[in-house]
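Just so it is clear, A, B, C, D, E and F label the chains in written order, and each chain counts residues from 1 on its own.
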Amino acid sequence: MKIKVINPNTTPEMTEDICVSARSGASPGTEVVCLNPAKGPGTVEGWYDEYISISFLIEELLKAERDDPADAYVVACFGDPGLYALRELTDKPVVGVAESAIALTRFVAARFAIVTIMPRIRLMLEELVERCGARHRCASIRTPDLSVADFMDDYDRCEKILIDQAREAIAEDYAEAMILGCAGMAAFVENVRKALPVPVFDAVASGVRVAESLVGLGIGTSKVQTYKPPEKKEFKGLGELFQP
Amino acid sequence: MKIKVINPNTTPEMTEDICVSARSGASPGTEVVCLNPAKGPGTVEGWYDEYISISFLIEELLKAERDDPADAYVVACFGDPGLYALRELTDKPVVGVAESAIALTRFVAARFAIVTIMPRIRLMLEELVERCGARHRCASIRTPDLSVADFMDDYDRCEKILIDQAREAIAEDYAEAMILGCAGMAAFVENVRKALPVPVFDAVASGVRVAESLVGLGIGTSKVQTYKPPEKKEFKGLGELFQP
Amino acid sequence: MKIKVINPNTTPEMTEDICVSARSGASPGTEVVCLNPAKGPGTVEGWYDEYISISFLIEELLKAERDDPADAYVVACFGDPGLYALRELTDKPVVGVAESAIALTRFVAARFAIVTIMPRIRLMLEELVERCGARHRCASIRTPDLSVADFMDDYDRCEKILIDQAREAIAEDYAEAMILGCAGMAAFVENVRKALPVPVFDAVASGVRVAESLVGLGIGTSKVQTYKPPEKKEFKGLGELFQP
Amino acid sequence: MKIKVINPNTTPEMTEDICVSARSGASPGTEVVCLNPAKGPGTVEGWYDEYISISFLIEELLKAERDDPADAYVVACFGDPGLYALRELTDKPVVGVAESAIALTRFVAARFAIVTIMPRIRLMLEELVERCGARHRCASIRTPDLSVADFMDDYDRCEKILIDQAREAIAEDYAEAMILGCAGMAAFVENVRKALPVPVFDAVASGVRVAESLVGLGIGTSKVQTYKPPEKKEFKGLGELFQP
Amino acid sequence: MKIKVINPNTTPEMTEDICVSARSGASPGTEVVCLNPAKGPGTVEGWYDEYISISFLIEELLKAERDDPADAYVVACFGDPGLYALRELTDKPVVGVAESAIALTRFVAARFAIVTIMPRIRLMLEELVERCGARHRCASIRTPDLSVADFMDDYDRCEKILIDQAREAIAEDYAEAMILGCAGMAAFVENVRKALPVPVFDAVASGVRVAESLVGLGIGTSKVQTYKPPEKKEFKGLGELFQP
Amino acid sequence: MKIKVINPNTTPEMTEDICVSARSGASPGTEVVCLNPAKGPGTVEGWYDEYISISFLIEELLKAERDDPADAYVVACFGDPGLYALRELTDKPVVGVAESAIALTRFVAARFAIVTIMPRIRLMLEELVERCGARHRCASIRTPDLSVADFMDDYDRCEKILIDQAREAIAEDYAEAMILGCAGMAAFVENVRKALPVPVFDAVASGVRVAESLVGLGIGTSKVQTYKPPEKKEFKGLGELFQP
C-alpha cells in the first residue's frame, strides 16, 4: 500500500518533520511518500495562505494521479484545505489530518481540546470542528500567540507554551484528550505526550492511519453525486493537466 | 460610491448578465463595475471549479486594490467562493451574493427555498446555508438536473423547470420566498418573479445592495483577528502582487 | 422613498435621538419619518414593557397604512417587538433594528458582541440571536447594570461603561464587531466608534438601510402563508381600525 | 388550591369547552376557575390576533392578582401567548398549555406530532417547539386547512380530519403520541383518543396538571433576573392597574 | 393511586431519604412505595455503576408488574438509568427524576443550574440535558468533588459546598433556578432552599409529581413502536421472569 | 496485536459471521478473537435486550482483562451498547462498530444512509447518530420490517429488501454511502456491495480497523475524568470479578 502525504506549504523542512510523523503512524509494509508543492506560501496561517495553497495542492494530486498514483492521499495541514475538490479528482480516499484526529478522539475520550497557533485561525478551526460534528465534544480551542515559524526559531519556548496550554485545557476546560492542531507541530508530539496525563493525537499520524484503514477496508471515494469528477468544460489559461 | 462585482468564472456573456442584475440592484449614483478573470473555469459547478477560480478571484481583488480600488466588492457566484481570504486582503466590505440573498429573506418571509442547478452542489449549498445560520429557515434546496450551460443553450426549458420547481417548493415545502441560486440565473429573474406569488430574490442584486448598505453605514471589514492582513511570509513562485 | 421609523416607547426625546441615527443611515433622497405612540411604557426593559408596547405599535402601523403609508417600516427597539404581527398588516417590508444589525455583522466580522442594558433582558436577546441564526457568531451579550433612563441621566458614566464592556468583549470573548443593543444608545455610537478598533453597528441606522435595500430591490412582505392578512373575525371592544 | 385558566380569546363558548378540559385535568380538591377577557379577538389564528390578545390577557392577570389571586395561572391558547410578561407580574407559576403538553409527551413516547389548524401558524408552532427544546422529538406539525370557527360549525368533518391527520402522522412520520394543538379542540379529545392507538394529550388538561404540580411542590416563579417585577416607570395613557 | 419509586442503588438509608422526598412531592391520597434492589452498587457514580444497576432495576420492575403493579414508576437516580428499557416492559408511565426536574424548571425560570457530585459524571449529565432538549436552558452543571458517601459522612461540609456552588451559579452563570442533581441529596433540599433566592427542585419529588400527573391525565406509555414489548426470543441463562 | 471482538448476543452462529467480517477488516498480523457471552438475549432488537446484554458484556470484558487481555476491544452490535462503562474498566481502546462506521463515512462521502432492522430501533439509532455528531450527514435511517432472525431464516428475501432500501436511499434521500446497521448483516455485505454504486461499510470490519488504528498510534482510553476506573464501593450480591 502506498500513501502520499501532501504538505500544502512550500517549506521542505516542515515536510521532513511531517514525514517522520506520517511514518510513525503507518503500519509495517505501508509505503509513505511525503511531498510539497514548489509554489505557494511558506506556511499556512490564514485563509489567504490556505486558498492560494489549494491550487498547488490540486496540481500535486493531479500529477500524482497521472504519473504515479497512490492508494490514498493525506493532506497534511490542520485546516484540511481543499479536500472537497481533491475528492472530485480521484476515486482513492483523500483524508485530512484534522478531521482524522478529531474523529479518533471520540473512541477514547469524552472531550478533546485543540492546541494550535495564533488566534486569527480560531474561526477556521471552529467551522472545521462544526463540520466534523464535534462542537459539543470540543472542550476548547487554545490559540496561543505563536506562528509556525516560531516552532523552528524557538523550539523550547514553544514546547513550554504548548504544554502549559494543554494543562490548562485539562484543568479548566475539562479536556480529556489533546490534539496538536498544526501539521508543523509534529516535532513536539513526543515531549508533549510525556508531559501530559491524557492521550495526545499527532494529526499527521492519525491521517495516515485513517487513510490506511479505508484502503484496507476496500473503501474509496463515493462518486455518485458530490464527489463526481468535475463537469467537462474549458479551464481557460490553464494547462492540459487541469482540464476536466 | 463604486462597487466592483467579480464574476469568478471566465464567461464574459455571464458577466454581462450579472452586470444587468447588479445595476438593477444599485441605487442611483452608485457606479457598478463588473469583471471576470481571464483564467479559470468557464462555469462553477463543483468544488474543483470553485477552488481553482478562487486564486484568480484573489488576483482580481489584489489588482483592483492596487490599481483602482472600489468602495466594496461583490463576489457573484452562488457558492460565495473565497470570501474569507478576500476579506484578509482589504478593509473594504467584501460581500457574497448567496449570503446576501439569504440574509435578506428573513425580513419578509418565514422561510425560503433555493432553486439552483445540478444535485452535486447540494452539500455545498447546505453548508453555506448552515454557515449563514439559516438551516431552519431554509424550506428546501431544489436541485434540478441543469448545468449553467443549459441556461444559454435552452432558455425556455430552463425557465419552465425553474418555475415548476419554485411552485413545488411553495406548495410542498412551505417556502414563502424564493432565491435563484446561481449567479448565471440573472436572466430568469424577471419572468420567474412574474410567475410566482412570493418574493423572488436576485442574488446578485441583493449582494450589491448589501455592499452599498455597508459603505453607506461607514462599515468596513474588521481587521482585529480573523480578517487581519495575511502574515508576512514568502509565497514561492508567485509574483510581487501575491506577496503579503 | 419614504421610511417610517416607529419607536415603540413613549419618550419623545428618545425618538429624536433615534431619528438622528435613522437619518444617518439613510441614502440621500430617502425621506425618514420618526414617530412614537402616545400610549405605553416610557422605555422597554423587559417583556411586560414590550408586550404592552406592541398593541400601540400595531395601532401606529395601522394608522400609517390607512392615512399615510410609507414604503417600509422600521421598528426601533432592540427587542424587535411585534414584527410578526406587523408583517401580517402590510405588504411593505417591516424591519427590526436588532435583526438588521445582526444580519449585517456577518459580512465584515467573524463574530460580534452585543453591549446592552440590564441583565434581565439576557434571555430576550439570546432568543433573538437564536431566531436570527447567529448563536455561533455571537461572541457574547454584555449586560452591564444600566437602565435606559441612565443614558440620559448620566451620559458620561454610561459611555465609559459601554466602551469598557466592548473592549472586554474584544479582548476576552474574541468579538470582532460590536452592536449597541438598545435603540436608546443612538447618542453613544459616534464616541464608541472612535474608541474601538472594530466596526460598531448602530442598530437603528442598520434597520433603515435594510428597509431601503428591500424597497430598492422591489421586495415586499410575502403574503402566502405566515404573513397573510389576519383572518376575518370580530375583535370585541376595539375600534374599526383594528378589525381585520 | 385554586387555579385560574385564562382563555385569551373572547368567545365564551370556547371558554366553556376549555373549562371542561381543565377540570378533567385537575385533581380532586383543586378549584378551577376559567375566564376570558371581554375585549380582543374572537379566536387566535395568527400573530396579530395573538399580540392584540396579550394586552387583555395581561389585564386579566393583573386584576386577578389584585382582586382574587389564584395559586397558579394557566394560559389556554396553544401559541402560549404572553407567558414571559405574565411571569414578571406574579410570583405564582404561570403555565402555557402548549409547553405543558410538549413537556409531558417525553415521559411516554419517543416522538409526538401536533395536529393543529391552518398552515399559517406553522412558523409560530415551530418556534414554540424549538423554544421547548423538542425539535428532534417532534415528528411533525400537521396543519389541515381548518379555522377555529370550523370546530363549532362543522364538528363531524373536523373530527374526521383530525383523526385522519393523526393516523397519517403515526403511519408516515413515526409519531408515537399526539397533541391536539389548539385549546379550541377540547371537545374532540375524547373521540380522537378512542380512535387512535397512541396517547393523546389534551393541552388544557396538561397545563392544569403542570400548574398543580408546581404549586404542590412549593415552586413559584423565579424572581432573580428574567422574571423580576417590571422596572418602575410611567406607562402613559394607561390606568393605575398597569403601572409597575 | 399507587406510585413505586425505585432507588437503583443498594443502600437502604438512601432509599429512606428518597422516600421522604417522594412523599413530600405526592398529593394527598397517593400511596408512595419506595424500594431498592438487593443486588448491585451501593451508589451510582459513573457508567459502570449505572449499567450494572440497570439489570437489577429491570428485575424490580418485572417483579412489581407481576406481583403488585403500581399505577406509575419513578426511577430515583439522577442519571435516569434504564428508562427506555423499563418503558418496553409496562404500559404504565415510567418517569426519571432528572428529566422531571429539568422539564419543570422551564415553567418558572429562564435557565437552571444543576449542582451534583464529582466531575466524572459531567458527560453523563450533559448528554442527559441534551436528550431533554435543555442545553440552552442549562446555565451550568456544577460538579464539586463530592461522592455520594460524603453526604452521609460529612453532612455539614457538603451542605456548605452545595450552597456555595449554587450561589456561584446564580451570580456567575445566570442561573435562575437550581436542581440538586443526585437522588442522594434529598436530605439537603430544605436547607438549600432556605439559603437561596431561587426555586430549588427536589428531583425525586418532581418525578413523583410528574408520574402522578400522567396517571391523573389517563396517559400511559405509548406502545406503537419504540416502547413496544420486547420481541419474543430466548434470554439464555436467565429465569422465567426475564423471558419476553 | 490482539483484538477481541465481543458479540453481546448469545447466538454463536452470529458470532461466526461477525468473525468473518472482523477478520476481513484486520491487517495481516493482527490476531482477531471473537466471542459472545453465554447468558443474555439471542439477539438485540430493542432497549430491554440491550441493557440486559450489557451486564454480560461487562463480565466478558472483566474476564478478558483478568485472564487474557487484548490490545483493544470491539463491541459488535450496532447499538454500541455499554461502551461508556467498558471504557471505565480498561485503559485499552474500546470501540463500537456503529460509531466506527459512521466516523469513517465522512472521509469518502457527503452523506450516508443506514439500512437496519425493524422501526422500533429508530430512536436508538437517531440518538446514536446524534451522539456521533453526524445528524446532518445522515441522509436517512431505513428501517424495513425485518428481525435479526429473518436474516438466517430467509436470506434471499432479506438481501433483496436491503438492496432495495439502499437504492431508494441513494435515489430519494441523496445518500452517497451506505452502512449496514446491524452486526448480524455481516453475511450480506459482499452482495450488497456488488449491487450498489456507492461505498458500503461493514460495521464490524470498520470497528476492527479503528481499534487497530488506535493501538497502532499508541493511543489508549483517557483515564483523567469520565473514563476513570469505577469508584471503590461494594457491589452487593456480585462476585469478586465485579467489585471495583
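As a convention for this text, a contact is a pair of C-beta atoms (placed from the backbone, for glycine too) under 8 Å apart; a residue touches a chain by one contact, two chains touch by 3 or more.
No experiment lies behind these values; they were computed from the predicted model shown.
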Exercise. Looking at the contacts, which chains touch subunit B and subunit F alike?
Worked result: A, D
Seminar exercise, completed: At the largest C-alpha centroid distance from subunit E we find chain B
Exercise. Roughly how many whole angstrom separate the Cα centroids of subunit C and subunit E?
Worked result: 44
Seminar exercise, completed: Rounded to the nearest Å, the gap separating the Cα centres of subunit E and subunit F is 29
Problem set entry | Separation of mean Cα positions, subunit E and subunit B [Å, integer] | 52
Exercise. For subunit F, what residues touch not just one other chain but two or more?
Worked result: 87, 110, 119, 122-123, 136, 174, 225-226
Exercise. Among the chains present, which pairs are found to touch?
Worked result: A-B, A-C, A-E, A-F, B-C, B-D, B-F, C-D, C-E, D-E, D-F, E-F
Problem set entry | List of subunit B residues in touch with subunit F within their complex | 119, 122-123, 126, 130
Problem set entry | Partner subunit C, residues of subunit E touching it in the complex | 110-111, 136, 174
Exercise. Touching subunit F in the complex: which residues of subunit A?
Worked result: 25, 27-29, 87, 93-95, 99-100, 103-104, 106-110, 132-137, 170, 174, 176-177, 197-199, 201-202, 205-206, 209-210, 212-214, 216-217, 219-227
Problem set entry | Residue ranges of subunit C in contact with subunit D within the complex | 10, 38-43, 45-52, 54-55, 58, 82, 84-85, 87-89, 118-120, 122-124, 127, 131, 147, 149, 225-226, 228, 230-231, 233-238, 242, 244
